[in-house]
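Each of the next two complexes has chain A plus one other chain: chain B in the first, chain C in the second.
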Partner chain A sequence: MMLHYFLRRAFLIGFVFVALTVLAFSLSYLFPGDVLTNVSGLSSIQPEQQQNLIQYYALDQSLLQQYIAYLNRILDGEWGLSFSSQQPVLSEIIAVFPATLELASYALLLSFVLGIPLGLFAAVKADSFLGKLISAITLVAYSIPIFWWALLLIMLFSLTLGVLPTAGRINVLFDIPTTTGFMLPDIWLSDIAYKAEATQDALRHLLLPAVVLATYPTTVMIRFTRDSMLAVLEQSYIKTARAKGLSRAQVLYHHGLRNALLPVIRQIGLQFSTLITLAMITEVIFSWPGIGQWLLDSIYQRNYPAIQGGLLVVSCLVIVVNMLTEILHTLFNPLARKA
Partner chain B sequence: MIKALLSLMVPCGSLLILSACQPDIPETIQQGMVYCAEGSPESFNPQRVTSGTTIDAISQQLYDRLLDIDPATGELLPALATAWHLSEDGKTYWFTLRSDVQFHHTAFFSPGRTLNADDVTFTFNRILQTEHPYHQVGGANYPYFQSVGWDSLVKAVVAENSTTVRFELARPDSSFLSNLATDFAAVLSAEYAKQLLQQGKPELLDQRPIGTGPFFFKEYKKDQFIRYYRHPEYWRGKTELTQLVFDLVPDNAKRMAKLLTHECDVVAYPRNAELKLITERPDVEVQSQTSMNVGFWAFNTKKAPFDNVLVRKALAYAINKDAILEAVYFGYADKAKTILPPTSWAFYHDLPEQQYDPVKAKELLAQAGFANGFRMDIWAMPVQRLYNPNALKMAELMQADLAKIGVRASIVSFEWNSFRRKLSEFEHDSVLIGWSADNADPDNFFRPLLSCSAAESGSNRANWCDPNFDNLINQALLTADVKQRRSFYLTAQLYLDEQMPLVSIAHSKRFQAKSINVTGVTINPYGGISMARARKSL
Partner chain C sequence: MKKFRLYFEEQNRGPLTQLWQQFQRQHAAVLGLVMFSFFLLLTIFAPLLTPHNPYLQNPDLLLLAPSWSDQGLVQYPFGTDDLGRDLMSRLMKGATYTFGIALVTVIGSLLMGLALGAMAGMSKGVKSSIFNHVLDLALTIPSLLLAIIIVAVLGPGLWNTTWAIMLALLPQFVHGIRNAIQDTLKQDYVAAYRLDGASNWQVLRYAVLPNIWEHLTVMATMALSTAILDIAALGFLGLGAQAPTSEWGVMIADALDLIYLAPWAIALPGILVFASVLSVNLVGDGLRTAMKKRREN
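Entry: the complex of A and B
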């Protein structure tokens, strides 16, 4: 039963990947300019090189064969060169991607840690003042445009109070060698003498962007947990459990939580694409050197090979996360497996 | 990692953001400086670029030149060359080199010897000899040396012995030494170049630099930062700073914010509109320096009616420069009398100032046969430059001024690359643009802007070719006597004032803002910023 389910999912993800690569592949033709230049990313192609390149990229063959050649190159890690730097696109993506993952995962973690307890509280004490306050604040935070919110925080904490930095991942004077690309692990893996100071500085840099990026998912998390918990609490099995004589806490923990959190898990997957979009905006505001800023720069510079590669990576990430949360949801929910 | 976390929690309490908590930061951080620059460098070899952004970031930091320019007086000072002399006919120069100059010792190169004449010949032969193994590397592009015509001027660069280099010129040229002292004439390492050639990676010479300068290259993260460390064996003595980071922040507002939060110690090019705001803060300071530049309004003198000198003079009288200085430069510029800035030694102090006089302008127009005015285009460059921070606004002000004398001006602008291309094809009536000098020599203003050869190559925005004027500036180069040269340049300025191929508008000041605890960072009027004497008090 389960095996069948995973196979179906694997098939689906394969199909989506094909659709994505077809889209990315066709971009070389849809972008303005010479196809060979768009595919290779070479800024100046000598006439004597041209024939070799056309053969190498299979541009003289049918579209299907070109697409297969493209897939091969993607799998071999040959993603062409970036127009602006003439460096391989893939290595640029590998350099910037961890920063985005790091920021997004801290923000997501923050939204769990804050969102679920607050949502539960707001549901259980729905009629109290605090419960209503949480709901009201959530609504406001949900409606705030993220760039405005980010600027407000920068104005307050950086420019007025002067306690937090405005940009970057760490004070540029800290010379942290890149091993994983994730700042905090890199600090701990390095053999520098000032690890504690560097960690503190990195956390100070992380705080504002993470809070800004976590704002939206946190509010979604609170609202969803609250609504779903309220719905569960209305169910007759809860009343039965209470009638059986279980304490309020026992009912909440054993019957409420598990049922209420199921739809929340699914939400994570659905909200992830929004989170990535918001991460791009956050990166630009805080000069966070992640894939969002890199991709927006590439779009601004009409750097087609980079746009192509960046879109592929970002959309694959979104799809993979979606799939994983689906699977998690299924594991926790026997009903979904049958569906 | 838990230990690391704990050790920071304990002394600082649980509030990470508490700024009062100052842990023991090592020296490389305490004595490190962050310079926030406005853009990324194109290359790490000054021979290959002309952009001021790149020169600021690399030239004075990584390299030395044979000669330096005294920023106060504009005189030439010994640098890598301790002495130099000139043959009788003015066509051969000998330079004696210092023998104690160490190249950078980095992760990718260990120098085996000190600087000698081979390094100097390598540096300049790369530019001059088309068959040189490095000449074609990166596309044979040496824009500064090409613009001053070195390929026809310098015949040979020869190492006579390990400390003597001979330059043979095709003709006497009194601007030659000044060109050697520009930021572009940085001396590279021949040994490093040879090593790279053996490894088959010659292109790294321009990407992973080795020089003799006060700092050595550690790493460059594109669009993020450049990291330099102090060169411990720098021949002028090691710098106070242990580390120097160029933080690349193209956004003006972000650069300003980083100054106020002290993430940047020094900030390049604060916007004129924000200078007042910064000066009110006690913890930051604004420095200014009259820079060697000029913003001007050039007429296409081959096109009617601008081929008529009366029309050009009339238009010059019609422009209210004071209003422009106030609105476009926010008062942070000197009004220009001629294309030379007042700090140049050849500046004509007694030249009468161009007055704002619409009545006179109308008279002149009537004399020229345009009593009812005419239609014209003003091309305004689309980018912000030091010499003209807002050409569109300037054009609007001028449009209003011109309307008063019956001239109906339309404003034209294109994207910057096509703008320059169309300009060099002389499609314009008139254009608002400018020039920043690379060295202290006045020739650097006259020849690239108004000579006949510049009209051919397209950099003469006035499309003005006048044999009398060319004669004056050529004669000025043939003599090394400063008094004589000066008199030629004074005549040239007077002649320009009569002919008015362009209207000089302003010499803008260059600004930088810095934290109050930073000293020793001065703006050099002749080129890139130098951090060699910078220091930070804690």
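Entry: the complex of A and C
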């Protein structure tokens, strides 16, 4: 049963990857400019080089063979050169990607820690003043444009009060050697004398972007947990459990919570792509050196190989997270395995 | 409505009236509807209502403060920007861009989604399975990323953004419409209609569509709030509407240099984006609740 399910998933993920690479591959043709330049990323191609390059990238062969050559290059880690820096795209992505992951994971964590309890509270006390207040605030926060919200917080905390920094991951005075690419683990792994100060500074830089980025997922989490809990509380097994004489807390924990959180797991996967989109905007505003800012810079510079690579990486991340949450959901929920 | 009911009367009102009755009871939703109508009117009539030409630069009145401050002029309620253009006229004109174009993209996307969703919903077997996989792919790519790629191919600009957002919204519409159609097709009344000899088209036109349009409206409101936010975000990032256009996101990006001097030039367009999205969300939530309550009754 489970094996069959995993096979189906594996087939699906394979199909999606193929379709995604086809899309990325076709972009070299869709983007303006010379195909060879777009594929290789070389800004100036000498005439004597040209023939070799055309053969290397299999551009003289059929589209199918070109695509296969492209797949081979992707798997070998040859993603072409960035127009602007003439560095390999893949190494640039590896350099900026952890920053995005770090920001997104803290925001996601924050949205869990805040969103689930608040959502449960709003569902259990749906008619009380606090419950209604939570729902109202959620609706308001759900409608805020993220870039404006970020600017408001910057105006308040950085410009007016002057308590938080506006840009970057850490003060440039701190010299943190890169090992993992994640700022906080890097600080703890390094052997520098000023660890405590660096940690504090990194946290201060992290606070505003993480709060801004967490706003949307938190509201979605609250709304979703609330709706899901309200739906569960109306089920007859809840009445049965009450009728058996279980206390309110027991019913909520054993029968309500477990069933209500099942769809929430799935929601994480669905919201992840929105989270990445918002992370890109947040990165631009806070000059956070992640893949979002890098990708947007690539667009301003018409850096097509970089856009292609960025698309591939970001979409793969979203697909993998989607798949993982779906598998988790299935593991926890036997009812979902049939579909 | 009569206050006392002397006799037992069965109330058989049309579905629309019932929906409106349930909708009316939610004050927040009605407030949302009022705000929504306000923005809609502003979108249509902005060119007639603006007190000044939104693109006219007045070198004598650069960076005028809003009229509530001592340095402000009452003719310029929200002051002027760094080129001496009246902020209020620009904000009003901006409704046409941000709100109006969001409406256009959603309507366009809805129509395309309806056609594709109907094809997907009415088909079975391998065709439908392939369609699902393609949709799954399209749904995994973040809408803004998709829009950014389309803009990268086509080049920045308001019309390219419109296309990009239309295409980015399409997958969720197709997905939602397909599911709604397939749910409806399982109903007994559809089977009965088929037994009467109805063709696929007749089933779709007379049995399915009248039963999913509410669902469509709720989907459209959700898409509208996404569209407004995406247009403003793309404008803010410099990928959508370009500088002289008074799109709200562009206006915020323009005012960034003046964040110390004129914070209101950032705050006001943001409030409008926020208010328009909030009104759409209030209406959408209200509609959903009203639909649920009507079903229960």
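Here is the rule we go by: the second predicted complex is superposed on the first by the 339 of 339 C-alpha atoms of A that agree within 3 Å, B and C clash if a C-alpha of one lies under 4 Å from a C-alpha of the other, contacts with A are read in each partner's own complex, and residues count from 1 in each chain.
Just so we're on the same page, a residue touches a chain if its C-beta (ideal position, glycine included) is under 8 Å from a C-beta of that chain, and two chains touch if they have at least 3 such contacts.
Note that the coordinates shown come from a computational prediction; the quantities given were computed from them, not determined experimentally.
By the touch criterion defined above, A:36 lies against neither chain B nor chain C after alignment on the C-alpha atoms of chain A.
By the touch criterion defined above, A:207 reaches chain B but does not reach chain C. A simple residue count on chain A separates chain B from chain C, and the partner touching more is C. Looking at the shared chain after the overlay, A:324 reaches neither chain B nor chain C.
By the touch criterion stated above, A:174 is placed in contact with chain B alone, chain C being left untouched.
Contacts of A:195 after superposition: chain B is touched, whereas chain C is not reached. Shared-chain residue A:159: touches chain B and chain C both. Of the two partner chains placed by the overlay, only chain C lies in contact with A:19; chain B stays clear of it. Contact with neither chain B nor chain C is seen for A:94 once the two complexes are overlaid on the shared chain.
Comparing which residues of chain A touch chain B with which touch chain C, the overlap comprises 154, 159. If you check the complex, the residues on chain C that touch chain A are 28, 133-134, 136-137, 139-145, 148-149, 151-153, 155, 225, 229, 232-233, 236-239, 249, 252, 256, 259-260, 263, 266-267, 269-270, 273-274, 277-278, 280-282, 285. Chain B makes touch with chain A in their complex at residues 1, 4-5, 7-8, 12, 16-19, 23-26, 28-29, 32, 34, 218, 221-225, 227, 243, 245, 247, 249, 254, 257-258, 260-263.
Taken together, the chain A residues at the contact with chain C in this complex read 12, 15-16, 19-20, 27, 30-32, 136, 139-140, 142-148, 151-152, 154-155, 159, 273-274, 276-277, 280-281, 284, 295-296, 299-300, 302, 304, 307, 311, 314-315, 318-319, 322. Across the interface of their complex, chain B is touched by residues 85, 87, 154, 157-159, 162-168, 171-175, 184, 187-188, 193-197, 199-200, 203-204, 207, 287, 289, 297 of chain A.
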